[in-house]
């Protein structure tokens, strides 16, 4: 590893936690697509005609299957929340926050998003709402810190 | 702050403007979720059964409320446009563009996206269309610059 | 160009390929919006009342036009897949992978996403499914490498 990379990223505990949590979050988002596909196959609910022909015993496209739509809503919620969280997280690391606080803020954000998906798929309220609040709160906190630091 | 971070990011005016604008943009995107929730509560329009039971006087899930759908369309437009803009913006900074031009390009992109949301929520055309064009134009310009620099 | 930027990013072949592929991917995503607008104009299918008044001969909002919805599904698929791919790609570069492998992994991911859009818009199965698999496989591989490196 080059000396510069080493010093900037590898020796930086906050960055390492950020990178690990981002890897886990991206992996989690990735699971949503095959989950949608499996439910589409199981319920014969395809949105494209060519998919109906290839994969389904049904004879036409179908929308609005509840279990498919639930995964899709959870997936969309990920796009709305995980992607901004990971983007602002990187800039938050660059503000060089106090490490013992920062690593826990970052971990809380990632954990909240993993819990959110589990709660959404199982219809667990108010856990889904609480995990959503924590994820949003972490993003808001990081945005505030980034704005204050770079203003 | 470590000397390397200092030199790479903190002393770099273009990066500072990028980070500030990204913080503002992420904060702006973040507002869309509670706005959706408030309108769902107000209009009793929930997409999940467990939400209906917890939060609504209505007795079943409902879709297609116009004010909720408008916020959701504006939110989706943010995902389609703000996230690519912030991603390419970081790489654009790394091409070390002429600072006096670059800071204004970055500011124009962020300002356009803030104006776009306000115009969308209020149904103001052609302001919504114009702000959309500016945001897209900035993203296209940055993509072009990044491709030319790193090709 | 500052010496630090030079050494970190410009002299780094893997980073250069990543930046180029990200520029191309963002450019590709960007095309989806005007494509949607063109089809909306052609088919008179607008989701907002102010748009109907400005741009359409029709007298009310319309949803569910198949050609518009197909572009929108392809666009949403981009958000679900390209954005996580670009985010994790940056962290993957920072793990300093073996260059001759890494540049091809990154190129495969970007190429798969370009092919996916073409296949989706034309309804070409199983090419759409295969390109989706490659894109997802690259993202999964990068996530795994990032998690192993920073854990």
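Just so it is clear, A, B and C label the chains in written order, and each chain counts residues from 1 on its own.
Just so it is clear, a residue touches a chain if its C-beta (ideal position, glycine included) is under 8 Å from a C-beta of that chain, and two chains touch if they have at least 3 such contacts.
Source: prediction; values computed, not measured.
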Equivalent interface positions on chain B and chain C, same or different at half: different
Magnitude of the superposing rotation for chain A and chain B (Cα, nearest 5°): 120
Centre-of-Cα separation between chain C and chain B, whole angstrom: 17
Shared-contact residues (touching 2 or more other chains) in chain C: 4, 8, 79, 83, 87
Of chain A, residues touching chain C in the complex: 1-2, 4-5, 8-9, 16-17, 19-20, 22-24, 26-27, 29-30, 32-34, 47-51, 53-54, 75, 79, 83, 86-87
Parts of chain A lying in touch with chain B, wherever the complex brings them together: 4, 7-8, 69-70, 73, 79-81, 83-84, 87-88, 91, 94, 96, 123-126, 128, 132, 136, 139-140, 142-144, 146-147, 149-151
